[in-house]
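What follows are several structures.
Two complexes come next, and they have one chain in common, subunit A, joined by subunit B in the first and subunit C in the second.
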Partner chain A sequence: MINNSFRLRQVWMIARLQLRRVFFARRSLWVYLLAFFPAIIFIGHGIEVKIKRERWGGHAVTTPAKLDSVREGDTEEEVIAKAGTPITDQRFRRRDEEEPERRYMRYYDGTRQVNLWFRSGLLVQKSTSNLIDFEEDRQVYAGVFQYFYLRLAIFFGCLGIFMNLFRGEMMDKTLHFWMLTPVRREVLLAGKYLAGLIAAVVIFTGGALFCFAAMLWPQETAEVQAFWRDGGASHAFWYAAAAALASLGYGSVFLAAGLLVRNPIIPAAVLLLWEGINGFLPAVLQKLSVLYYVQSLCPVPAPMDSDTPALARMLLAPAEPAPAATAVLGLLAVTALVLWFASRAVTRLEINYSTD
Partner chain B sequence: MAVYKRGYRRYQGHLTGYWSRLLALPRFAWSRLMAQRLVVIVMMVSLFWPLACGVFIYVSNHTELWQGLDRGFTRFLEINPRFFVIFMNFQAVFAVLLAAFAGPSLIAPDLANNALPLYFSRPMSRADYVLARMLVLLGLLSPVTWVPGVLLFGMQTGMAGWDWFQLNWKIGLGILGGFLLWITFVSMVAMASSAYVKWRIVAGGLVLAFFFVLAGAGAMIDNILRVEWGSLLNPTLAVNKIWRWLLGAEALPGPEAYEHAIALAVMAAGLLWVLNRKLRPVEVVS
Partner chain C sequence: MITPEIRLDEVSKFYGEVLGVNRVTLRIPPGITSLVGPNGSGKTTLMNLITGLVHPDRGTIEVRGISPRNPEQLMRFTGYATQYDAAPRGATGYEFVSAGLLLYGCSSEEARRMAWKALERVSLTDAANRKVAAYSKGMRQRVRLAQAIAHDPEVLVLDEPLNGLDPLVRAETIALFREFANRGRHVVLSSHVLQEVDVISDQVILIANGMIIAEGQIRGVRDEMHEHPSQFLIRCRDASRIASILFEMDHVTEIKLHEDRLGMLVWTRSRQEFSRALTRIAGNGSPIDSVMAADENVDALYEYLIGGGR
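Let's turn to the complex of A and B:
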């Protein structure tokens, strides 16, 4: 008896068969690299902070009050008398010896590092920075998630995963095996899409959450606890949801592109350009992109790079973010529409292995 | 007694010249590429910006058209190294797009169809094959990069006069050298991608990903680790720094131009390694 439940079982069977190919194929390794690369860098940052904390903490830590008492214009001796022995002390002299001697000292008060530059024995510059700044790291994570994760990693990852579902089988000359099975083509499409979606959601949501954990790892325990109390879990949830919905949206577009166009790189390049210039477009046009809805879900707005040219800053006019419900429903509606087009295309699909 | 015996003897006849042998590949490839509508469309679109720059140079050299405007606007209309760097940045993007569309069809089909023995059974080395394929891309990318660049420089020289040329001849050399460096690098990326994945379509995606993902990864490293060396991973920024140095434009913050040149050279060596590894006329099937 062929009913909906039977077709759903067929969909799941196809997805299961396809999942192994999507998750464990050698050609999928780069997708993992894209998804977990930001986490690797954050872990590197964390290791650096931990090492510094351990190394500098081993020295005599200077109290913040003593460091605050150091003023520009103090002599080297005065500074040492006030703050004690520095954790780093370097002297520089140019070969020609015409330039006065320079000296650099670094102090650590348990959370902040204070850098002091001397010239001819006098303190000429004093700068203070936190060894690790939670707020700054959260901003960096927001930037990494929105600029690298959404625009590049998920975009190219979905391009690879979803294009491979049909176009890859066409190039491997294996698509006809699927076509010979007693399965409706729409069911085949749904099964393959489900497999791609599960893989993309697991890999990219996992990558985003792992990266989030790597960002939190070296932070001060008290700050992390305060963050969790103050809606940190909701931040993690919305980042994960944004990654999953981006996979859903881009996945449907690339699956349809793989069916409708012989060279899906063309729609990919057009989409990349469209998403890239998204911020410069009028508000109405900005809403015609996957990025707009996904960015609306992000809990922290992406910071703008300080190197951004003034003209670009002037032209950038991000549209008002959509409410969460609208963003989710909007993406689901777009995905459903694109998949409906894809289902029309798959029924007309003809295998022509010679063209690839 | 053997039931089948076949002997081989090296061809002893007259050989065609080295360059005519080498140029046979680009000749056929160019005609095939120019038959592709998409390549022609991208080429046409990429010529709009040089056209706009030409109009800008014309307006800039006709002071009577903008008399009475404030000093800020006058400075905006100045033709200087910055103007040419902006021009080059735009054209560099088109060069990448063109290479992504046209490059993958150069080597991938030869590898996918095991056609390399057909090439290498002729008096052609692997280096010759790579050079011939690279000539295809260099020939295709030249009309959108250094050719309009040199034409614009010539136009500015013609309108501003000999004195301007004497002061700014380095810009012309910088445009030529900078673009040649860029299109050689882009061609190597396209060929290495084409050889690495064997599939034309995937190779196109890889070319785009190479430039965009490396740029993103570089910026990400800089921001997370609070360093500046991450930008060395970004080939587009690297070549921009080198162009600024060549043209004498204001340098961007971060690593010096020579450091970016070393980074580009390392990437190029990696791409050559991929080509050397993948372009083999035999394949051992285990």
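Let's turn to the complex of A and C:
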């Protein structure tokens, strides 16, 4: 008997049958690359920090108090007397200058590295930096998430996943298989959308969380514990939610585009431009954007360097954020509207492989 | 009451400016109906219209009272073996057949049982667990047929279903169609091979350039065919002399000598008399190397029917 519960089962069945194709299609490989590329960068950074920590930690670690006692103007001998043997000690002379030999020393106190530059045997410059800066890494993550992940990775990843649900099958000449089953076209659309959504959420939410974990991995244990105590889980949750909702929104747009146009470059370019100029659109038009809502959910504002060119600043500047509830409901409303258009288009869809 | 008919009323379909079918009105009763026409005549378009893969620009279609715009109802009792060769990537023959059954609401166990039964009916159980992509043309044809019959449909639509089948499987497949038809079901198939139509069909619909040019019982078409001049290609050493003998005969309407003078194309109104004449000529010492029918393709019949006879 055909009723709504049967149709829901059909939706799930279509999604199940489609999932293997979505996850393991050869043309999805680059989607995985996009999703996990930032994690690779953070893992690389983490490995570098771990290696340095191990290598420098193997030397005698100087106490912070001893390092703080070192002052500019101290002689080399005084510094060594105060701080002991450095972990790095290099001497060099510039060929084009008639200057005396220079010397560079590095000390490590278990957390910070202190760099000392000597000229004529006197300490002329002292700089201190943390081996790893948690606050800075969180800022970098926020920037990577909002500028790369939301605007490019999820955007183009959803383009690859959702455009292929109908257009890809049209190109493979396999779409008729679905259209010859006793399934309403709207049910077919819902099943395929669900499959794409599951794949996109798993890949991109997984990628965002994996990247977040990679960012936390080399941090000092105490700082990480403090972070979790101070709402770190909420940060992770909102990043994951933003990635999932971006997949939901962009997925619906590209699913509809796959039904309406043959060439994915055109809708992608138009939407990319639309999302790019979202920050300086009138308030009412800002709401017709996926980026507007998902950026509002990000727990840390994306950093913007003061020397960023004016045009890039204009394109990257987010619109005034919406409250979380408004953002979620707004995005769901936009998605529902786009899916409704897609459901109208799918009922008119015809198999005409010769023109594709 | 639902009419057990496929009805098309004034149906037209255009692909941009290209005509698919034009103002087609048809009533297709249960039994085996063959759509016969040359390539590009509109057979596949007609089948796609009946199964809802394309929608008409004008006119209405009903399949046993159901519009093809309602696939949820239509495909419950309709199976369509298309000409499209591709199957979902990576699917085995068994998966290809059983996947569709799950969407009919079958349990996994039912789908498994029905899929194996369908594969058995097309003699494809041995290759069922191999990927469809690795199948030969004939095997792909059979797996598509298995998928179309797996849910035991009332209406079976088959696009060139006998293409690529070896003679044994071909005979089994024809028997399968006959069995369906004998149970009061629709079997609508397309072909461009005249011989197939002759053997299989209860009725034939001749289509050319998107228009129906003849329809009816097979006998009517056969009568037309009796009047239709057949073409034969003869290869022989003394073509000029044999041509002059043949030309004296009433049933021979036209002869074209081949450029190499070692063969000719002959049009005759009577295959039997032509055959007897050739036997006589060969018996009188004029060696004939080969004789080949040149118009087994249905195109010649169309030319004849459209042109009103030669």
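The working rule: the second predicted complex is superposed on the first by the 331 of 356 C-alpha atoms of A that agree within 3 Å, B and C clash if a C-alpha of one lies under 4 Å from a C-alpha of the other, contacts with A are read in each partner's own complex, and residues count from 1 in each chain.
Note that in this section a residue touches a chain if its C-beta (ideal position, glycine included) is under 8 Å from a C-beta of that chain, and two chains touch if they have at least 3 such contacts.
This one's a predicted model, so the numbers in the text were calculated from it and none came from an experiment.
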Combined model on subunit A where subunit B meets subunit C, clash or fit: fit
Superposed arrangement, angle subtended at the Cα centre of subunit A by subunit B and subunit C, nearest 10 degrees: 70
First (subunit B), second (subunit C), both or neither touched by A:P264: first
First (subunit B), second (subunit C), both or neither touched by A:F156: first
Which of subunit B and subunit C A:W117 touches, first, second, both or neither: neither
First, second, both or neither for A:E350, with subunit B first and subunit C second: second
First (subunit B), second (subunit C), both or neither touched by A:K173: second
Touched partner set for A:F237, first subunit B, second subunit C, both or neither: neither
After fitting on chain A: smallest Cα gap, subunit B-subunit C, Å: 10
In the complex, subunit C residues that touch subunit A: 15, 48, 51-55, 69, 71-76, 79-80, 82, 84-90, 99-100, 102-105
Touching residues (chain side subunit A, partner subunit C) in the complex: 2, 6, 9-10, 13-14, 17, 20-21, 24-25, 172-174, 176-177, 179-185, 187, 347-348, 350-355
Footprint of subunit A on subunit B - complex, ascending: 38, 97, 100-101, 199-202, 204-205, 208-209, 212-213, 216-217, 219-221, 223-225, 252-253
Subunit B contact footprint on subunit A (complex, rising order): 34, 37-38, 41-42, 44-45, 48, 140, 143-144, 147-148, 151-153, 156, 159-160, 163, 167, 171, 263-266, 268-269, 272, 305, 307, 356
